[in-house]
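Here's the structure we're looking at; comments come further down.
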Amino acid sequence: MQDQDLCAAQNRGVRELGAEKLVGWDEVQQGVVINSFEGDATGIVHQKAEERIYSDFNSYTATVASWRVQKPVFNIDACIDCQNCWVWCPDSSIISRDKQMLGIDYDHCKGCGVCVEVCPTNPKSLLMFAEHTELDTALSGWPEKTKKEEK
Amino acid sequence: MAITSIKNLKEFSTNNDRFEGAHLLCPGCAHSMIVRELMNCTDDNLVISTNTGCLEVSTAVYPYTSWDTSWIHIGFENAATAISGAEAMYKARKRKGTLKDPNAPVKFVAFGGDGSTYDIGFQWLSGAMERGHDFTYICLDNENYANTGGQRSSSTPVGATTTTAQAGSHSYGKKEKKKDIVSIMAAHGAPYVAQLAPNKWKSMAQGFQKALGTEGPCFINTVSACTTEWRFDPKDTIHITDLATDSLMFPIYEIIEGHELNILYRPKNVIPVEEYLAAQGRYRHLFKPEHKHVIESIQKEIDQKWEMLQRREEARI
Amino acid sequence: MAEKYEIKETEVWDGNYAISQALRQAQVDVVAAYPITPSTPIVENYGNYVANGYIDGEFVMVESEHAAMSGCVGAAAAGGRVATATSSQGFALMVEVLYQASGMRLPIVLTVANRALASPLNVRGDHSDMYLGRDSGWIQLDAFNAEEAYDMTLCAFRIGEHLNVRLPVMVHQDGFLTSHTAQNIHPLSDEEAYGFVGDYKCVDEMLDFTRPVTYGAQTEEDWHFEHKAKQHKALMDSRTIIDEIFAEYGNLTGRTYKRVESYLMEDAEVAIVALGSSVETCRLAAEELRAEGVKAGVVAPRCFRPFPFDAVREALKDVKAIACLDRSSPGGAMGALFNEVSAALYSTQARPMVTNFIYGLGGRDFSVKEAKRIFMEQKAHVDAGHITTPIQQFSGLRGPKLGFFETKRS
């Protein structure tokens, strides 16, 4: 099951792209220089996303969820924490903590399906479903382990 | 914990992302797989420059940035020079003692697509390599100008169709050979040059770390499968890249100090290039009977190149 | 630490040497440059200081002028003092990056030895390159002689790096006429010069890892206009800061500059408006004509950008006829100086007569005699009560007279 606490970090995925407040010329940054964080960002590399204070200009605070037609659903029961999905996710949307796959960041996932393709388990621990599918529905119909075809 | 070696993927996955989501790259784009891996394989501070291209127009569209490190984009051609300037300023300020934190480790990295690397930014890249700045240049090679809708670049391989080298009743697509950027960069005498691929994540991470840890100008060409212009399903990015490396269309190797060549991946079962070509829309026309000879000549080129790489590796010179 | 460079109270330097000394005294952190005639000696002199330990910063010799300015932008964004030099074709090759530097609000100093633009190829001084930069968002200061080239370069750092300005600054001098003509110069001591310029103040530096910054983001129709308006406002507002810094420099050196210089203008009836070394030619002409009873004066924008609309209007408001001299082929229009001075004067009650001379292209000599002739032509307009010649004329050109447009005010 996805870790809902991680997904609920306050300053993330809240704004649709293009829905920002349009401020006047007197309020935009000098030289169009954007800061990624609020406050001192020293050692940001050692902080997990939920520990960081992102600025409103960091795309982490925006969402591309509306791009998705299909979504990957994660079934923790089949997962072996191989982290294939983590390393190949092009949208930084696999939430892994302490070598464990916890779930999908649906604010940033575009539904490309790469994670499902690279998942090596049997049955797969990630499968694509239509965007509107409830998680419970998806998980309840999860396929059984398939026997290897004889070569 | 300093990120010094990456033994396995589980260990690698404990690193925190410094390349953020909600960028505007296409679903399934390999660019961000490569960029994420570069940024995740080090915990040093990074100063990054990026040429105009897919990566740039997708990661810094006001009012958003997807970069958690200092980043600059000037033009289509000059990321190598922008990073040269930043690196020179670092050296000057370190000597003069005006850096805020003089002990903070910092690495300088430039990204460019094949359009900006092989074509419009070629001179700027060559200049920066010759001057010996301490930086790593990473080419995200998707073999076309994808940002502007798929025009041919000098990286586009023979037989691929692009909007400006189209396949048609009188053409099988691009006729000119792909420029051998890796050899050209090695000929600059660069201390580390490599061609890497994101499907082989470990050799890619190790190559990135080697380049970042090597003083002087390093160059890495990475194959970046382009779902939009190569025409394959976004979910298949890694599969297509597997075909690229296992058909030896994209051999994975490094060249140290301009001469010492090491092959970093030898496919157990080399697949015919036909399989790689057949998986992509940009090569579909080659399977017409009149263009079959093109596939044969592509295979021949691959075989010759692989032979050459092996011989050079054996020669140890 | 850089070695001590001995300089005397009075030196005999040409414009290029004077500028390279100013760069050394300002302790520039990074110079990224590519040589081109006639600015090359600036870079060569700098290379001499590097080779002999007089400079602590980095000297990056790149492979083109486009790369020179690209390197300057990268260096400036990394937080430090940056300068370079160029001319003509090199300037033209830089243009793409000039707009990037000003848009990113990076206080780079570019010293330009003005030279004509090809084709046909020409290495001599005219103002084609200076004019090419006029919409690039840079502050443009104009030196009329070698000592002023030194002075303007020191002032350029102070102005551009001022926290309320943060814009790149060009220092222009005429190629060869100023860049290669040695004259007596009274430089500041190294201590005084650096004391005036001051330590570089970082703003949004890429090397401050407590605060990572993104430079060069894309802004489309929802944002581009606001950002460009803010940049324009900063350029317009730099006028008062330029005045302040010129005044401070005057206190230090006794050489007080103004955004618009006026010579013999108190009771002038006719005036020439010019840029570059021709200003000194026109001053001599005006002095000689004064002796002959003609009330002639000279007005010279020291600051070409931001264009001193206010100060030009003030300087010329009581004059009856004005000749605006443009040393750049106008490409199918009136000269830029004519257009801008005319626009400023259009908002006055008097609306004096203004004519335009295209002159000195490709380094063609401009003499005191010709300046006097132009003054006298203005006098003729005043006496007639209207413009008696074509509004745009070519001065110093062989062949039949070339001119365009008649006045509609007679």
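Chains here go by letter, A, B and C, matching the order in which they are written, and residues are numbered from 1 within each.
Heads up, the rule we're going with is that a residue touches a chain if its C-beta (ideal position, glycine included) is under 8 Å from a C-beta of that chain, and two chains touch if they have at least 3 such contacts.
A quick note: this is a predicted structure, and the numbers were derived from the prediction, not measured.
Comparing per-chain C-alpha centres with the mean over every protein C-alpha atom, the closest match is chain B. Between B-C and A-C, more C-beta contact pairs are found at B-C.
With centres set at the average Cα position, the gap from subunit A to subunit B is 25 Å. If you average the Cα atoms of subunit B and of subunit C, the two centres end up 43 Å apart.
Centre-to-centre separation between subunit A and subunit C, using Cα means, comes to 53 Å.
Counting partner chains per residue, subunit B has residues 60, 62-65, 67-69 touching two or more of them. Along subunit A, residues 32, 34, 36-37, 41, 44, 57 each make contact with two or more other chains. Shared interface positions of subunit C, defined as residues touching 2 or more other chains, are 209-210, 212-217, 219, 223, 227. If you check the complex, the residues on subunit C that touch subunit A are 103-106, 166, 203-204, 209-217, 219, 222-223, 225-227, 229-230, 233-234. Across the complex, subunit A meets subunit B through its residues 13, 17, 20, 32, 34, 36-37, 41, 44-49, 56-64, 67, 81-84, 86-93, 96, 98-99, 105, 107-114, 116-118, 128. Note for the complex: subunit C touches subunit B at residues 29-30, 32, 56-58, 60-64, 66-67, 70-80, 82, 96-97, 100, 200, 205-210, 212-220, 223, 227. Remark: subunit B residues 45, 47, 49, 56-57, 60-65, 67-75, 77-78, 81-86, 88-93, 95-96, 98-101, 104, 106, 123-124, 126-127, 130-131 touch subunit C in the complex.
Against subunit A, the residues of subunit B that register as touching in their complex are 1, 9-25, 27-33, 36-37, 43, 59-60, 62-69, 198, 201, 227, 233-239.
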